[in-house]
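Taking it in order: structure first as structure tokens, then the write-up.
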Amino acid sequence: MVESIVVYGIVWAALYALMALGFSLIFSVAKILNLAHGMLIMVACYVVYVLVANLNFPLGVSILAGVAIIALLGILLYAGFMKRLRGSINRLVLLTGGLAMIMEQAIIISVGPHSKFVPSMVKGSLSIIGVEVSYQQVLSTVIAFILITLLWLFLQRSKSGRAIRAVAQDRDVAATLGINVEKIFTITMAISATLAAMAGVLIAPIQAVTPEIGWGMMGSAFAVTILGGIGSVWGMAIAGAIIAYIELITAFFISPVLKEAAVFTIMALTLIFKPSGLFGKGEV
Amino acid sequence: MKKGAKILLLGAMICLMALAIDFFTRSEAAPPIKIGVISEWDFIGGHGTKRAAELAIRHINAGGGLLGREVKGVFYDSKADPGEAKNATERVLYSDKVDVVCGYWRSDLAIVCQPLVMEAKKILLLGGSAAPLLTKGRIKEDYNKYKYTFTAQPNSLLTLHPIDQSIISSMKLGLGKIALMVEKAAWCDPIFDVFSKKYANKIVYSNRFSTAATDFSVEFSQVKALGADILVVLSTGRGGIASVKQWYDMKIPAVYVGYPEAAQDPNFWEQTEGKCDGVAVGHIGGLLGLSITPKSVPYYNEYKKVYGEYPVAYTNASTYDIVMAWAQGVRSAGTIESPAVVKAMEKKPFNYVGVSGVLEYFNEIHNPVGGGWKEDEAWGWVSFQWQNGKREIYWPETHKTKDMIIPDRIRKLMTK
Amino acid sequence: MALSDVSFSVEQGEVVGLIGPNGAGKTTFFNVVTGFNWPSSGKIFFRGKDVTNATPNRLASMGMVRTFQIPRPFKELTVSDNVAVATLFNPKLKISTSSTKEFLKKILQGLDLYPWKDQQATTLGYGSLKRLELGRSQGSSPELLLLDEPFSGLNASEIEKESHILRSLVKEGITLIIVEHKLRELMKIVDRIIVLNFGIKIADGAPEAITKDKLVLEAYLGRRWGVNSAGDKKYNSTI
Amino acid sequence: MITILIISLLLVAVVPATNHSFFIISLLTAALIWSIQAASWDLLAGYTGLFNFGHMLFAGTAAYVVALVEVNLKIPRPLVILAGFLAGILSSLLIGLPSLRVRSVYFVLVSFVVPLIMYRITMSFTRIFGGEYGLSIERVYSRESIYYVVMVLAAFTVIILRILVKSRLGITLQSIREDEETARAVGINVPFYKLLACAVSAGFSSLAGICYFYHMSHVGPEIFSIMSSFNVVIMGLTGGIGTLFGSALGGLGLSLLLEFMRPISIYRNITYAALLVAVVMLFPGGLWGGLVSFWQKTRVMGVEESDKVRKSE
């Protein structure tokens, strides 16, 4: 019982964190609240599905292709739209919301509302401390954690990583240091979209994919980001864990019905009492 | 006052716009018989309603139309929003001047729009909505107002029956410890109550989960811990596929039965990569590609031919059948005047041969009856089980293709 | 910047200059007194009442008003509205529009902003904005006015205007506490100067005395004087 | 003022002009309700600087309370409506109190989240709130009567709000929007006025919500969904933020436009979204705001001239 809460908590922590990372990254660096993030995740799943099922590409190839396509899409959305409105938070929210609707409708019109799926990369399951977990879940979790670590390393060690952090801290100062802020924003968006796509292909085999799933995913990303606070990779991971465990524990001790309500309440409370999030550096 | 003038201009424009809408959309009820089809295009159910209505209209016209007149469909999206649905409904009623309204998969929309159609004294053909309030409630209470409502979809209370069959059949297989997991939705509440009462001494675990749930690990491990061997799940939400996959991955030693709506999908086997082996669910038999009536298989194949995929949601049958049934009613009444058509459709025996089954008559609350289904049973509905990639009907007897079984995988888990 | 030991009292109608090198804690002092920050220890009395933890709006309604070094007008509002806001929350004015209008007019004329009263604040030049800042503070007819560098960023002629206005305020019997770097101009209006350094009051006395005070000279004026006079030369050359 | 009367008269004229087409009447009723929502939203977003993404929270709460009373108790309708109205105003605290602590993007987040909590609650507690079925009653008022009531309410809303923002309250709110610190420095009790603004806005919004309930004779969880609140923002912003007329007209216009686009069937939603993107990209102040700012620009130019002159003196 408790074991299963622990084990599945880890699985969902990783996936939630992955969903949220891209979202919070672009949010902290470019102050863009990207409502289209969930839709990027969703579109990634559909791209992979179409490549596999309709064009019978091998799975690996399709996943790589899918991720690449989404990354490009991300850059496109940024350069084409968000760039122009950067700075005015409210209009950006509306813009990304509109873009999300467009993506959703585009999928519905082209593929239809039926639920699609991305085949799992590995079959079978194993038992961890007496809890049955499928290899797919294990794989997704591991990859998620690897990605999180990689992102962290990238931000800490690499040159452009440092640049991104600098921009996140103070755009103007960064600019005076000779950092090409525009370039940084574009790179960040690309990374964010890539993370979204990866989240998509890792989660799709575990759940089904329908066009409106994007909103739900965005919600999860929302929750984790708010709780974790922007500008801290491991804060994201921990927040993901907290959310995951809140859900599981509510489900176990109170009632599964109140899972979402519990999460939303935690969000609201965080926003009211510690708006910058548990590990956030950004001030209000 | 310059500003004022501008505002005035805008105001005038808005009114003109309103008038323009009215003007463009107004048209006298001319030769073609018009069906207003309103459904939720962005959702599988509503999508099915739309397609099924299209096919039905096509077939009616192929058969020379109705009373020598062509039948024309007016299709609007309700966006799954009551306000939108209301606008759409009043648009078809008062500016498209349709002769009959069809559609509504989501019950809240039907609840809002049914009275509007009734006020206009037009026939309402419910595409998929099965809220008991619409028939059992309203028609019973105020027959004269609501008698124009017809549906080829048993109300959700009756769909309890195929679900119950899955429990009964699994008990026949010697299982007896029930875990009852029911989605927290209004349509589930009465069913949940009935089961909790009926199987009070057999239920070892029961809970309600949210329609947005996608993870069931905790619930399932409780089920496992409590040693339940019949896992009854009612879920129309996103949870369906996820729950089946988790049930498989967590090696739950229990048969998965009930109403995981996602399991109706002909591609469910591929979607779950065979993990759904042994899952039992209720569905309209006419959509299984099995010969429930002479119409079933042809419809199944034609649907594939037209839309490139097999029908998924039950609305694909219920909408088609109710529209065709209405057409038969109109033919026998010899007019499209609502009262006459109502009389014609209420005539016993009505004997309409549909995709889902033979509809002998509509009972006093306009629920379909016949073709081997009793009044208190879900007309047209069967219980089937996924058995190595195929959907095998095990209830009712009349349409049975295979017995319900406990898959070897689960048997092994149980003996372990 | 923390304040460790600053204690002095200001009499009604007195004009006090508050000086000190950058980071001496002048602005912090302002924030603490006007209730934008609250002190960790120590007390603030205004007209005998303990106002240590009062909110800015309460202090304002009591008659203690501050200005900001960089003018912070309500950009979208018109000039007169900017002052009007203050008058709205001025308990001494009853909401009889006529008298308020008169009061407004008087202030705006005093600042000679009247001709531009219906423009958006953003359209004013810097000098006018400074005066608007003053005007807004007058709107709540203050008894104690804390001015944060009223002369900064102004050219000689504008400084003239500004100090003229200040003098008129003094005539009205308003108590002033002025933080200012431009000592020359400051000396002309204040009757007492307090010197802060690293959050400590190091001197307090009449202007002449201060200029002779050793401590002050080395801590502050010694460096500052030259720069300032150089600055003056620059000004003279420009005019 | 006059113009509103004229618009109202035109709207009255619509009824006979379309010989009482129920379609047009209820279409306009809904549109007017949306315009009230947009206008009341504008008081917060445009004048107080609280960009509220959860505006339908107020209307939803009011509507649900009225529905609950209508369904469960038998008490005179005025009391029912009053109850809903008060509940709506009370709910404004859920947005107002956070607004005291959090600003800009964080406030946007809060305002997003609060209605979603209500959505979950109404969905989950099916016994009380009817779950996905929502709560519905038989129609109690004729279409026309509701239409006229809503029309009067809409005019009333815009006029009252207009008067408010021209009054001392208006200036106060705007100064809070411009610079909270300075606002406090001149003696404004910022928290009080923020809450007041929320309450006023919520008041009108919930009246509209109650009308919506009687117009639909139904209320469901959708009213708390992201989209419905989002729509209010879209309408307000398209019409023109900070110009009550603009937002109100935006609400009216967009609702009609949406209905007008019905014939393009499956491309309707995507077109709507595309339009939204276009407006957000091209008209920062919205369409109406575009006009207004154009006038102001012309005025400001003249001003700058005089300013230069003055400086050179």
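All chains are identified by letter, namely A, B, C and D, in their written order; residue positions are counted from 1 within each chain.
Note that a residue touches a chain if its C-beta (ideal position, glycine included) is under 8 Å from a C-beta of that chain, and two chains touch if they have at least 3 such contacts.
Nothing here was measured: the structure is a model prediction, and the numbers come from that model.
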Those chains that touch chain D and also touch chain A are B
Comparing each chain's Cα average against the average over all protein Cα atoms, the nearest is chain D
Most contacts overall join chains B-D
Averaging C-alpha coordinates per chain, one finds the centres of chain A and chain C separated by a number of Å equal to 51
Whole-angstrom distance, CA centroid of chain A to CA centroid of chain B, is 35
Chain centres from averaged Cα atoms put chain C and chain D apart, in whole Å, by 42
Residues of chain C that touch at least two other chains are none
Two or more other chains are touched by the chain A residues 108, 257-258, 260
Contacts with two or more other chains occur in chain D at residues 120, 124, 266, 269
So the complete set of touching chain pairs is A-B, A-D, B-D, C-D
Chain B contacts chain D in the complex at 3-4, 6-8, 10-12, 14-15, 17-22, 25-26, 41-42, 75-77, 79-83, 86-88, 90-91, 93-95, 106-108, 111-112, 115, 131, 133, 184-187, 189, 210-211
Counting only contacts in the complex, chain D reaches chain B at residues 2-3, 6-7, 10-11, 13-14, 17-18, 21-24, 26-28, 30, 120, 123-124, 126-127, 130-134, 136, 138-139, 212, 216-218, 220, 222, 227-228, 245, 249, 252-253, 256-257, 259-260, 262, 265-266, 268-269, 288, 291, 295
Residue positions on chain B within touch of chain A in the complex are 41-44, 47, 184, 207-210, 212-215, 217-219, 221-222, 225, 238, 240-242, 245, 249-251, 262, 265, 270-271, 273, 309, 312
Listed in rising order, the residues of chain A that touch chain B in the complex are 1, 4-5, 8, 12, 104, 108, 112-117, 119-120, 123, 125, 131-134, 136-137, 206-208, 210-213, 216, 247-248, 251-252, 255-260
Per the touch rule above, chain D residues touching chain A in the complex are 45, 51, 53, 97-98, 101-106, 108-110, 112-114, 116-117, 120-121, 124, 226, 230, 233-234, 237, 266-267, 269-270, 272-274, 276-277, 280-281, 284
